[in-house]
Each structure stands twice: as structure tokens, then as C-alpha cells.
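Both complexes below contain chain A, partnered by chain B and then by chain C.
The block that comes next holds the complex of A and B.
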């Protein structure tokens, strides 16, 4: 029952030495690289918006998907639609109602989180493949509505302009400031996800993922917990949606199209569908691919699709899993000798096991 | 009255196309418990192949046969190369087929361009009408599509409930291991059903492409509608797909006339209502 490929274990064996320090060191290196990013790239005007900021919001939305998949066991394809609701919330308030950005951001986050609750109410009664189908359908319905509703979303033309605001000395219109703003939000989202997964709430979610019936018998409201998890993931995706609105300076149906949904899914799968931090690596791969593939091929989507399928076929744990695969290979080599010894030990123990079985049968 | 009946008939002919797409999806799910998200791609590819073959030969039927064979073979290829290994991992199958649809959409855009096309058919048939009681003149072509869908539906239902192959398929649905133990080559049955389901979508593409335009984005559109149809009708049930298609077709046509902007929202509401009352769909069995 627990042999799911990416079920995170609640009781982790105590890590020692290298295994304990490596994730921390890796995190520090990634953080330093992310902070230095505007200074180490050759053309910041190109790299910051096209690679950096885009990776950050793709990663944040993909992280909400990974959170639901890894800790709740629900693969939701509606996360992009939820981010889109949030982005449209910002656009509607700023463009249609002509109110300040902060009001828009608040409305966006509330609307996105509410949308996630509604998606949860509809879909969270089902699971696995049904959940995937229903969330995909809901996302597509929102796309169709967004591209038709003249009075709310301004149909295909979308809502523009959404200008980046200025808070005292912090001017988000400056691309470098905006990059650090997005980075800060992404880090907060990541830490928030980490905090929630290690809280009592997160542990309960994992219990529900692995054994819903047992948790129900223990008195937990399984459906309610799933909705709450959807709401939290919706909140994270909504923050991604606000970054989208600011990054693009507008919001149009393309934000929530099937291709955008697939982009986020590809990011999550390439980064490692079970890894919260891996999504940013996946996002970096996808944004680089989309920007540089144009140099040698027009068929960027085909290339993305091929990479996506290859990862699913051969490395289902994604980039984050490559390290573990390598480590497993090394330890397998190292243990080969020990295994042989234990094998001879097993054959000795075999008869004893049989007698034990025999006695228990007699007792019956 | 005449208008309402006319809209209803439009809804049913639209439902006929939805049913043909969704029946392949539900057939595959019924046997293999996997969902192929490349189904919309099969629809659009079938339509394009039918368009090219019918334009070159001037014969609609050659177009239809070409689409059935080509899309069926593509389905066989997808099953043998990509899906066979992960038959028990339905999530991975869904994601891999989603990747296939991503590639398919891009390659079809490259091959057939972004402009709308339609499968050519005898121009006399295109404009022919029949006089119907209460409704008045109505497109013969649309009625033929309805007839084709009903024939396919009846053949599928009879084939599954009355033939030996159908019995084997049903046995495979209930217990693949025991069926294999009785000497049935289950992997071959799986491959045949997957190819058949894809071929149905290909045929639906030709039929649908004769009535409605073929263009990029239609793959996602038909994938969405066939998903909604099988969710509403119940996964794995052919009669369920028929009921689901009829409901979706009628709702989308009536709302298109009376509240055009919110047409899809009502289709969505239909899905939500069905899920709230019967989470397994109208004809679905509880897992």
C-alpha cells in the first residue's frame, strides 16, 4: 500500500554527516546564485525578465501543484486557472475599477483562494485520475469563459495596463527591484510550504494521503482537510498569479490556456514531482529551453513535449531525484558484498522460519 | 416551438460527434483503467488526414477510412511504445499522453497551419435539406451524422454485450489476471482496444470536421468535451457516454442560443450537479 514512488516518509531516519549538511549547503549555494543572478548574467535586460522572473512565477505555481501532489496525493491541473483567477482579480480591480494595486493584490489572493476552495468542493470527493480529469476540465472551462466574457475579462484582448507600483523608495518598475521582489515572494512561499508540511496539519494531510479510511476512522474530517489543503495551495498559486500580472503588465486568456497549464506541469515533472525546491530547477530548464531553443528550431513545444515524456519514462522523480538515484546506485555497489554475506545468512535462517510457521499453524 | 425543436436537434447532432469522440475514451478506460489525454489530438489528426485524403481523391469515404487506419495505427504505436510499460500507473499514462498531445498540437500546427479547414464532401449533400414535421427544412448532413453515431453506438454496445470478443473484453475489465489465466492474450486485447478507441476518435474527427471547422485548439476543445461527457455519463460505460453526450450537446446548444457568453459555464454546472449527486457519473459503477 505504501509503495508509491514518491511517498514522503514521516519518520525519516536521522541524517548524519554529508547527508545532513548537503541539502543546507545546496540551499545556500542556490540562494547566493539567485541573489547574485542580476550581476553574473551578461545581459540583465534579457535574462531578468525572460529567465529569472518567469522562472520564479512558474516555480511558485508549480510548487503549489507539487505540494498537493506530494503531501495530499492529489494531482491538480487547475492550479494555473487558480493563478489566473488571481491575476484577473488584480487586472479587474486595477484596470476596470481603477483602484490602487494593493487593493487588487488583496482581491486577487482572496479570489484565487476562494476559487481553489470551489475547485476542491467539486473535485476533492474524487481522487487520482478522476481528480486530474475534473481539474483539467475546470481549468479549460475557466479559459473559455475568460476568452469570451467581454464585461469582466475583456475577452481575448485582456485587461491592460497593469503598471508595477511604487512603494516609497521601492520602485517595482525597475526590473532589478522587481526581480528581488519576486525572489522574496518565492522564498516566502517556499518557507511557508516547508512550514506547513512539517506542521501537525501537514502530517495529518500525509496520513490522509496514505490511508484515508484509517484517518476517517480516527475521527479526522478527510474531505475538510483536503479542502483546506486546496485552499493553501490556492493561496500559493494566487501569489504566482499576482507575479504573472505584474510581469506581463496585463492579463489575457493566454495566461490560463492549456499550454500554460502544460508549462507548469512540465516544470513540476522535470523538477521532480515530489520536490518543493526542485520546481525552480525545472522552471529554469523550461525558461532556458523556451528562450534558446528558438535559435536552432521553431518547434519549441515539440522539444518540450519530448523532454517531458523522456523524464516521465526514465526519471519519474525528475531533477531532484537524480541525486537520489545516483546515491542509491553507489550504495548498491558498496553494499553488494554485504548483501552476499547476508544472503548466506538468510539460507541458514530459512528452516527456522518454516518451523515457526508450522507451530503457529498447529496453534490454530 | 419549431425553434426549440430545431435547437434540440442541433444539440443532438452535436452530441453525436461528442459521443463518437467520448466512446473511444470510455472504451479504453473501461478496459484498461487508464485515460488517454491524447484523445483530442486523435480527433484533430483524424480530421486533418480525412481532409487531405478526401481533397486528393475527391471521395469522402476514402478520407474516413484513411483517418481510421492512420489514427488507429498511431494509437497502437502510442500504446506499444509509451504506455504498455506503465499500465498500472494511471497517473503516469495520463501525463505521458498529455505530453503526446503537446507534441501533436505543435506538429499539426506546423503541418496544417493555423487557418480553419473543413473535410470536403459532395456539395449537393452539403446544402441538401429534408422536410421534418414541426421543424421544417433541416440539414440532411446533420441527420446523417446523427444516424452514423447511433449506428456506431449500437454496434459498440452489441459488440461488447453479445460477441465473444466482447465477452473477453468484459472479462478483462473485471479481472485481467484470471482472464489471462484462462488462455486469453490480454496484452493483445489491450492493444486492440487502445487502437480501436483511437480510431473512433479519428473517425469522429472526419465526421466532426465535415460539419465544423478544423483548426488548432480544437484538439483541446474536444478533449475537454469528451472528458466532461465521460465524467457526466460515467467512466467506462458506452450508454453512459451516449447519455452524457446528449446532455452536454443539448445544454451547450440551448445556452448558446439563449445565454451565449455563459454557454460553457452551464456545461460546467451540469458536470458539477452530476458529480454532486452521483460522483461516479450517471451510468458509472462504484469502484
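The block that comes next holds the complex of A and C.
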């Protein structure tokens, strides 16, 4: 058994002083920056869709992956496919059935959540690499189906156009309004995840993550809880799927391709595979790279890969863990300094002590 | 401070981050579509990653040929008294990357005009985006889906045929000249082969032919043995709607499986270099007919030879211009001719340029070009046949040219019989 303390453990030590307030202050700064984003960028028509909105939906989908990984101990690579089911739900209802967007959104979320339950039923009895491989395989099966099913998904051509709707004074066709809409959904998803993780349900999930056999012995239905966690994460990923459909105004198999799955995994790893909020930092890095890496080199995919490797090497807990790393480094330096000072204090005192002892030492 | 490995790497990382930020904020220095300045920025959107990665080199070669005629380079030069600057954006051939990069070209780099994209999957996405930025003019690079010019995007132009037009004349020829009555359909399962095969079988079925079986396979499929065993014995010919490497795989297995039926190729099925590599495959491909915008040997057009010569002088050029180089050249040359016609004036939301493009007629290396009412080119199309040369290598010969080929309005989906498309 692994006796190392886990960062997401139920018995987390109480934070005090700076450690307590810094995350709150940082969160407030990030929120203010996110709110002011449309006003602080010089070309909103580029920055809002290409960087802002894309980062938000990538972050939301990655958050569903992080939730499952951190609180349930399941690394699911089907989250993109689940978001894709939701996006296809919207596309099918809006484009093929010509029904209003709200009906599409409802169908998308229900379909995505149901898809997550089905994935859970197939995969939740396995763990570790087997769970990862099964969820990856299910994602690829869905990709193949979406690429060929003309009747439902319109195969490679996809479903278009999915126009952004208007709800009274709120016109999502306006890119700034849509950005704030996506931001609101992302914040709701984040708060919902935080709430669930601190609820009895969330604590039970963490218990199942740490000691499934003990929880089973205590009478918990481990499989059922895992399915429920998959459903919740599926719901979050489905919201990401709705945002994809609205952002891209279309849905095609590319949304659920292996590359898209890897993008979300990279986002989660760069942001911090154990941090619900860190995923947005990871998403920001990936969107910035996909937009600007070409300015530096023709081998821009290599540059993205290098950034990924550098993060893994120097910040294994992702960008969200950098602060902790810095704190550890600083405290280690302080400790080392204090130790050195006390040592040098000792060496200074030593000769005096020797002198005081004088000949007695010699006599020894 | 002591220079340790960690400090060095951290310094490099910080430097890279600063550079990244500097580059992000320094993008749009151009006119941004207002046409008021003396520099015209043209964005080139082409594939530079994935199986169509050579698309960017071919697009650059096309730009190089067009600009060198005007004393410029692949990076820019002077056209109609105005400075022209090219901004290149690479994609991986998917809709997502096309959407990201075309938005970056227009919204961040501030280009006035866009040429692209390369692949069919990207095409309709770019058209959808073009409709949201009516102040920017788009000229298609090499994307061939039929629907692109039927969406009603008034700022989107295509100076090449679509994938249905590329098979013009081949269906008639197969039925009436070759005498084929039953053809087995084998093609990759995505939008380009649907339209390309649709163009062929629409003519073939109208001429009394019959589809006696169909197999739609995923791109990159390498196992054709099961399909070969399904081909009915009374088949007169096999339609091979596969890409170059897949076509070679099929031919290799067809030879091994004892298939001796004549072949009809889709527009991208014949890659002479790939097919010549194996003597057995070469003999199987002998006599294969196909259609497309690329002429073979024996094509007579005074514009063709100078283009091929200028193309060969470009960096990373193939032995002969590929379909991407030819189509990108017709696109960029049309755009530059349009700019010259209005002396580079892009005022009034580029109205003058668009009028010039609407009425543009010129003699391209692949025949005369002009546009129809949907801003879609009316073109010449070539029917080619593979022949085995005396030294055993394969050559592609143009056996006929269909002139003034116009676009239809049918967008094809996967089909199994003649009844599905008629």
C-alpha cells in the first residue's frame, strides 16, 4: 500500500495565514482578469474566440477528466467523446430536426450524461491502465461511428450551421456576450465540482479512491458510486460539448478525434492533473501555442511537445502546483540556511568551549 | 549568481515566454481589411502537417511562380504599385485547425485577402467563416467540395473545378468508348470521394451503366482482400476512388488476388511515382482511366510549359507540379490579376476587386478560366489514361479534354446503386 500522503486527501491539514489567503486572492485576480479580458485585449474578435472561449471549453472538458482522476482515481480518455456526444446532440436537433437551440442543449446534455453512464457501465469495474485503454477505445469507436453515420452525424461533412441563439436581450451571436456566457458556464461547472467534492458524495468517492475494498466492506456500492461519478463528470463534459458546438458553429468528427482527446489530456497535465482550476491555465497555454507557435518555427508541433516535456520535468504537478513547488523550494532554502547558520554558530562556539575547557580536553 | 543547469533552463523558458508574449501582441500591423494603406497583406492558408503536409510547400511554390513573374518573391513584392506581403498559416487539414488559423490570419494578422484552404474537410469551414467577415475576400486554394460555392458566400471565389467536375467526360467515355456495362465501386468513405465518384457514376449510369456492388472503406485502409473477394465475376471494370498510397495497396493486393479487371481511377488515385515502383502494380495500372484538373503528357497549351519550368525552379518542388501547386497557382494568379485590374484598390469593402474577379478571364496553364454566377470557375477538365512506356515505367497521357465544364448543384452522399444518385 502507498502510505504517502495524497494531496487530495480527506484529512488535509488546516491552512493558515498566507497559505490560506493566497489561493483566494489568486482566484479573485484570475476572475477579475477573465471578466476584464474582452476589454484588455487589443483585438477582441481574435482573442475572444481563438484564445478565450476555446480555453474555456477545453478547460471545462479537462475539468471533468481531472475530477474523475483526482477524486475517483479513474483516468478517463472518453471525456472528449462524451462532450462530442453532447455537441452532436445539439447539432442533430438544431440542424437535422430544425428545433430550437434550447431543445438541442437539453438533448445534448442528457445524451452526453447517458453516454457517460454507458461508458461507466462498461469500464468502471476496471482500473488504472485497463480503464484508460477501455475509455480510449470507446472514444475511438465513437469517432469511427461519427465519421461514417450519414443519417445521424452527416459523416465527415458534419452538422452545420449551428447558429448561436438569442434569448431576449442576450444575443449569443455577439462574440463578447458569448464569451461571458461561456465564462459563466465554466464558473458554474467549477463551483459545482468543488461543491460535489466537499459533499458526502464527494467524500465517499475519495474513500473509494483510496480504499475501495474497505468502502465495500463498509457497505458502499463502489461500482454504483463510480457510475454516479462518471455521470456527473459526463454532465460537466456535456456542458463543454455545448460550448464547442456554439463556438465552432458546427460539429464534425474532428471534435472527437484522437488529437482532440490528446489535447484535453495535455491541457489537464499542463494545468495540473490534480487541480480543478489549474486546467484553465493549461488550456490557455495550449490555445496560445496552437495560435502563436507558428510565429517561431515551422515545426510548431514540436514546440508544443517541448513545452509539455518541460512542464513534466520541472512542474510535475502542473502549473497549478508551481506555487507549492516555489513554497517548498523557499522553505527548503530557509531550512538549509537556518541549519547552516546554526552550524556556523556551533563552530563559532566550539573553539570558545574548547578554550574554556582548556587543558581538560588535553587531559582527556 | 552561479549558472546551474536549472537556472539555464529556467532562463531559457522565461525568455521563450517573453518572446511568445511579444509575438502575440505584435500581430496586426497591416491594414486589416480597410484597404487604406499601401501594403496589401495576403494570408495563405495551407496544410503543413499530416498526410497533406506538402500542401504548404506547393502553395509557396505557386505563390513563388506568380510573384517572380512580377519581380517579387514568395514573401511579397510589388503588385500594381502596391506592396504585397504574404502571411502563411499552416493547418493539419482538419476543420478545427483551419478555423483557428483562418481567424488568426484575419483577426490577428490583419490580412486583407485570404487564399486557401487545401483540403476538402477544411473547405466548408472556411466558407462558413468567410460569411462572417464580408469585408475580406477569399480565394479557394485547392479544396474541392461541391457545396463550397453553393453556400451563398459573396466574398468567396474558386478558380478551379470541384470534385464532381473533375470527372467530367469520364463516365461517358467508360460507357460508350470502353463499353463497360457493370462497374464495381470501391472508394474511401468521406466527402471528397462521394462527390468525385458521384461525378463519374452520374454520367456512367445516365449512359446505361450499372453499379454492381459498392465498398466504402476508411481512409488508410490496408486490407482489400475481403473486398476483392466480393467483386462479382461479371464486373467489367472497378472504380478505384482511393488516395495514392491506398490505391497502391489495393493494386498490390488485386495483383496478388488475381484480379484482371480494367480500372477507372478517381481524381487522386493515380500517383505515377508510387505506382511505377512495383512492376506488378505498374502492369495492373496500365490502361487505367481517370479524370481531373492535372493534364498528362501530350497536353498542348502554350502556358503549360513555362509554368512547369517556373515551378521546377522553386524550393522543395516535386519533379512535376502536383495538383496542389496547379490549383494554388490558378488561385493566386487570379487574385493578383484582379488586384492589377483595380490598381490594388481595396476601398469600399473591396467592391472593385470583387467586380474585377467576377469578370476576370485569363488563359491559365490548364486552360481558360472564368467564373459563373456563384463565383465558381468554368474550366477545362482532363481525361487521362495510364500507359506503360518502353522502359516499363508508367506515364499519364491526356486522351481528351472537356471544355467549359460547369458546376452542377448536386452534392453527393455515400451511394450504393445508380438509383441512389438519379
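Note that the second predicted complex is superposed on the first by the 324 of 364 C-alpha atoms of A that agree within 3 Å, B and C clash if a C-alpha of one lies under 4 Å from a C-alpha of the other, contacts with A are read in each partner's own complex, and residues count from 1 in each chain.
To be clear about the criterion, contacts are C-beta pairs under 8 Å (C-beta built on N, C-alpha and C of every residue); 3 or more make two chains touch, one makes a residue touch a chain.
What you see is a predicted model; the values in this text were computed from it and never measured.
Chemist: Name the contact category of A:260: first (chain B only), second (chain C only), both, or neither.
Modeler: second
Chemist: Which partner does A:45 contact after superposing on A: first (chain B), second (chain C), both, neither?
Modeler: second
Chemist: For A:314, select first, second, both or neither according to whether it touches chain B, chain C, the two together, or no partner.
Modeler: second
Chemist: Could you say whether A:128 touches chain B, chain C, both of them, or neither, answering first, second, both or neither?
Modeler: First partner only, chain B.
Chemist: Output check: A:97 vs chain B and chain C. Expected answer is one of first, second, both, neither. What do you get?
Modeler: neither
Chemist: State whether A:301 touches chain B only (first), chain C only (second), both chains, or neither.
Modeler: both
Chemist: Should A:148 be classified as contacting the first partner (chain B), the second (chain C), both, or neither?
Modeler: Both chain B and chain C are touched by A:148.
Chemist: For A:32, select first, second, both or neither according to whether it touches chain B, chain C, the two together, or no partner.
Modeler: A:32: touches no partner chain.
Chemist: Intersection of chain A residues contacting chain B with those contacting chain C?
Modeler: Looking at chain A, the two contact sets intersect at 144, 148, 150, 259, 298, 300-301.
Chemist: Inside the complex, what are the residues of chain B that reach chain A?
Modeler: These residues of chain B touch chain A: 34-35, 37, 82, 90-92, 94-96, 98-100, 102-103, 105-107, 110, 220, 224, 227-228, 230-231, 235, 260-262, 264-265, 267-268, 271-272, 275-276, 279.
Chemist: Across the complex, what residues on chain A touch chain C?
Modeler: Chain A residues touching chain C: 42-43, 45-46, 49-50, 54, 144, 147-148, 150, 155-158, 160-161, 248-250, 252, 254-255, 257, 259-260, 288, 290-292, 294-296, 298, 300-301, 310, 314.
Chemist: List the residues on chain A that touch chain B in their complex, please.
Modeler: 75, 122-123, 125-126, 128-130, 132-134, 136-138, 140-141, 144-145, 148-150, 258-259, 262, 265-266, 269, 298-302, 304-306, 308-309, 312-313, 316
Chemist: Can you check the complex and tell me which residues of chain C touch chain A?
Modeler: Interface residues on chain C, with respect to chain A: 6, 9-10, 13, 19-20, 23-25, 27-28, 48-49, 89-90, 92, 94-97, 99-101, 103-104, 106-108, 121, 124-125, 128, 145, 189-191, 216, 218, 413-414.
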